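Going in written order, the chains are labelled A, B, C and D, and every chain counts its residues from 1.
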Amino acid sequence: MGHVTFSQAVYLALTGVLPSPEVAKLLDAMLVSSIDHGPTAPSAYAARTSASTGAPLNAAIGAGILSINRFHGAAISDGMMVLLEGIQRAQDEKKTLDEIAVEMIAEYGAQKKRIGGLGHRIHSDDPRTAKLFSLAKELGVAGQGVQMIEALHKHFHAIGKDLPINVDGALAAILVDLEIPPEIGNAFFIMARIPGLVAHIFEEQSRERPMRHIHPTDVTYDGPDPRSV
Amino acid sequence: MGHVTFSQAVYLALTGVLPSPEVAKLLDAMLVSSIDHGPTAPSAYAARTSASTGAPLNAAIGAGILSINRFHGAAISDGMMVLLEGIQRAQDEKKTLDEIAVEMIAEYGAQKKRIGGLGHRIHSDDPRTAKLFSLAKELGVAGQGVQMIEALHKHFHAIGKDLPINVDGALAAILVDLEIPPEIGNAFFIMARIPGLVAHIFEEQSRERPMRHIHPTDVTYDGPDPRSV
Amino acid sequence: MGHVTFSQAVYLALTGVLPSPEVAKLLDAMLVSSIDHGPTAPSAYAARTSASTGAPLNAAIGAGILSINRFHGAAISDGMMVLLEGIQRAQDEKKTLDEIAVEMIAEYGAQKKRIGGLGHRIHSDDPRTAKLFSLAKELGVAGQGVQMIEALHKHFHAIGKDLPINVDGALAAILVDLEIPPEIGNAFFIMARIPGLVAHIFEEQSRERPMRHIHPTDVTYDGPDPRSV
Amino acid sequence: MGHVTFSQAVYLALTGVLPSPEVAKLLDAMLVSSIDHGPTAPSAYAARTSASTGAPLNAAIGAGILSINRFHGAAISDGMMVLLEGIQRAQDEKKTLDEIAVEMIAEYGAQKKRIGGLGHRIHSDDPRTAKLFSLAKELGVAGQGVQMIEALHKHFHAIGKDLPINVDGALAAILVDLEIPPEIGNAFFIMARIPGLVAHIFEEQSRERPMRHIHPTDVTYDGPDPRSV
């Protein structure tokens, strides 16, 4: 207290190890990268709906968190599982990550399964990914997690599929390299979203009339956009 | 099991007493009266939002229930408190319920406080109230709870305020007469809403694409309307 | 309202069809069968913990429902999926349910997967299963769902494994015969548990001091046991 | 991203203002101060109970957050309201904070109401309070919020009541000085608790058998204690 940042304490609570200042800086960037996508996120929306009926703060946050599932924000754990599978196979079968990437793309394709963390509805390239990977490399944290997802990206490209590494994929790769267990990977997205949920709840309860119809494409949120920092 | 209805078992769980067939019939009518208001209820909306992100059934129901607060569905307990206060004062001060109603209307008016259970945004008279009160009287259940809210209604009318007894008020009055503790009055609304929440969640997950924008005034719910039975 | 029971309205909300009095009677028995297992159920425990910190009723119910997952109360949907798979295979492959049961037992065994709805930690036979099946047969509702689970039970017995049909299995079989979609099968357990959760929450908040340690094997619940009716 | 810490981004999301490095350092200390009290906290307990039944991560976190209410962790907002009332009265009535403290202690005493943030069940003095106040003064952040609670503490002492300023009171005072709206004061406690909840959930799901009885005074948590840093 007074000596460690909150991000360091988060890592300590989750792993039992106090992170170096380099890792701490990366954790800050990772949490900041997911902080808010704007008013149309389902979690923001559910939190506002609950708030609008008069919920106390914790219950409205709860409604928001219950809307963070596999189609919104819960892709990090799944992405980590795929990367860890690839790394394990490379080790077991004495192959390179590139060779395994080619095999996995074929296998997932045959089963018509998506690989989490690749592809994005809006951006062709997510600028947050480049930023996080460059920081992870500069700080000496990037390892097989980042290499594995870059191998998948490269070999998808080679077969004509341009699937950018989205921010969930970037977080998944770095969390693998930080040795965070995949089961709790989504916690980073959830933690990053709480401040935004709180801002939405406060705005709803302090400025709007109760029980209004909240249109998802017409929310009045005019607070700051932390991404523009 | 096989001998009691679910409504009877609800009453037994809450009070320790197996209700008579008359009370059971009234409980069924009370639960059915609150079953669903259509797609624009915030609880339905929050449950659909959570469901749309891929939540399991229990979590999506949870998000719905977290949107049942004092501006939506949680007025029953508050209404019961007011009625119990009036009944208690009549007894303590040896006055009639009518006399107490006149006093309370003046006091609440002076403090600019609303009396829960009276007034309605849409209906001038809620047909469910008349139905429930007529059933409660016919079955011999109506007592001081129903008399107290009718006294409040009558004396508001006498000063030119036409505040119909809404369905929350009707439920509050009858629950007072059934000796349900006011702290758990809202449970009846919550229980009544679960089947509707489940229908919304199922429809969202089986018919709609994930993560769509759910507009509160344009929801596709086309299921049955239990009120028309 | 006044003409239908709550159980009938539940079925109507979920299926769009008003059930016959026979089906209504069976639904009542099904809901009553799951109403409460006593104080040591995790859902009761989580609801009490939340209540003990001062949660409003809906939030404490929410905490309880969030503790109804695959190891507690959410086995009904999984059980329904297995039974529907068996029935579909019998139809597609023009085999009897008995033949399919033998095949499925072998397959699930080879994959070391449990079949939901069979086996019980406490009871060797669950008396509720016998009761529900006898009622379902008497009322003419029992069909391929009940036949399929009885075939599985019989053929497990034939290979020396005595796995009683537990109450989740009984509910799964009857819900299949009632044509409830398997995705919402768990809703019946959830709905059945709400009255018990409310009783636990009320007892915690009206009788116990806040923030006490709640020992799961030493809870003071002394309310009625609806199963003894 | 890469330039701001998570604590700074939290403050920016809640207030629209990027905090100075001094305020950022204080925010880190505040969040770290509440990170975890050990396994017997009700929120940890509810999260473990939900996790033990097989809940996904977000739902188990939700159950934990639903157990953060007025008797556990939600005293910060209430404390802020009292301090803001005192500061406002001093300004309106042109009195000193000391004079107002004496009046408020008498008034709250007459109404038998507690003042949030003062008094502690375990510690006679909470070392975290001294640390946070010394940091707030050193960084030039401490203002009327800290002065008001210290005035209350001093004048309670003068009438023979030794009520230490607990960590909720310390956070309330500093949040007043940081101009955080009191309605969202509890968010700091909630955010601080998420990493600990995640650690509990992971430990429960990775090491314990499902559906075990979780005794609140006998939890196996042996992870790191962030307070000892």
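Rule of thumb we're sticking to: contacts are C-beta pairs under 8 Å (C-beta built on N, C-alpha and C of every residue); 3 or more make two chains touch, one makes a residue touch a chain.
In this text, all values refer to a predicted model and were calculated from it rather than measured experimentally.
Under the touch definition stated at the top, chain A and chain B share these contacting partners: C, D. Looking at B-C and B-D side by side, the one with more C-beta contacts is B-C. Relative to chain D, the chain whose mean Cα position lies farthest away is C.
In this assembly, the C-alpha centroid of chain B lies 27 Å from the C-alpha centroid of chain C.
Averaging C-alpha coordinates per chain places the centre of chain B 36 Å away from that of chain D. Touching two or more other chains at once are residues 55-56, 58-59, 62, 66, 68-69, 74 of chain C. The touch graph of the protein chains shown is complete. Interface residues of chain B, counted against chain D in their complex, comprise 55-56, 58-59, 62.
The part of chain A that touches chain B in the complex is made up of residues 40, 42-43, 45-46, 49-50, 52-55, 59-60, 62-63, 66-74, 210-211, 213-217. For chain A in complex with chain D, the touching residues are 1-7, 9-10, 12-14, 16-18, 25, 27-29, 31-33, 35-36, 56-59, 61-62, 65-66, 68-69, 74, 77, 128, 131-132, 135, 181, 183-184, 186-187, 190-192, 194-196, 198-199, 201-202, 205-206, 223-224, 226-227, 229.
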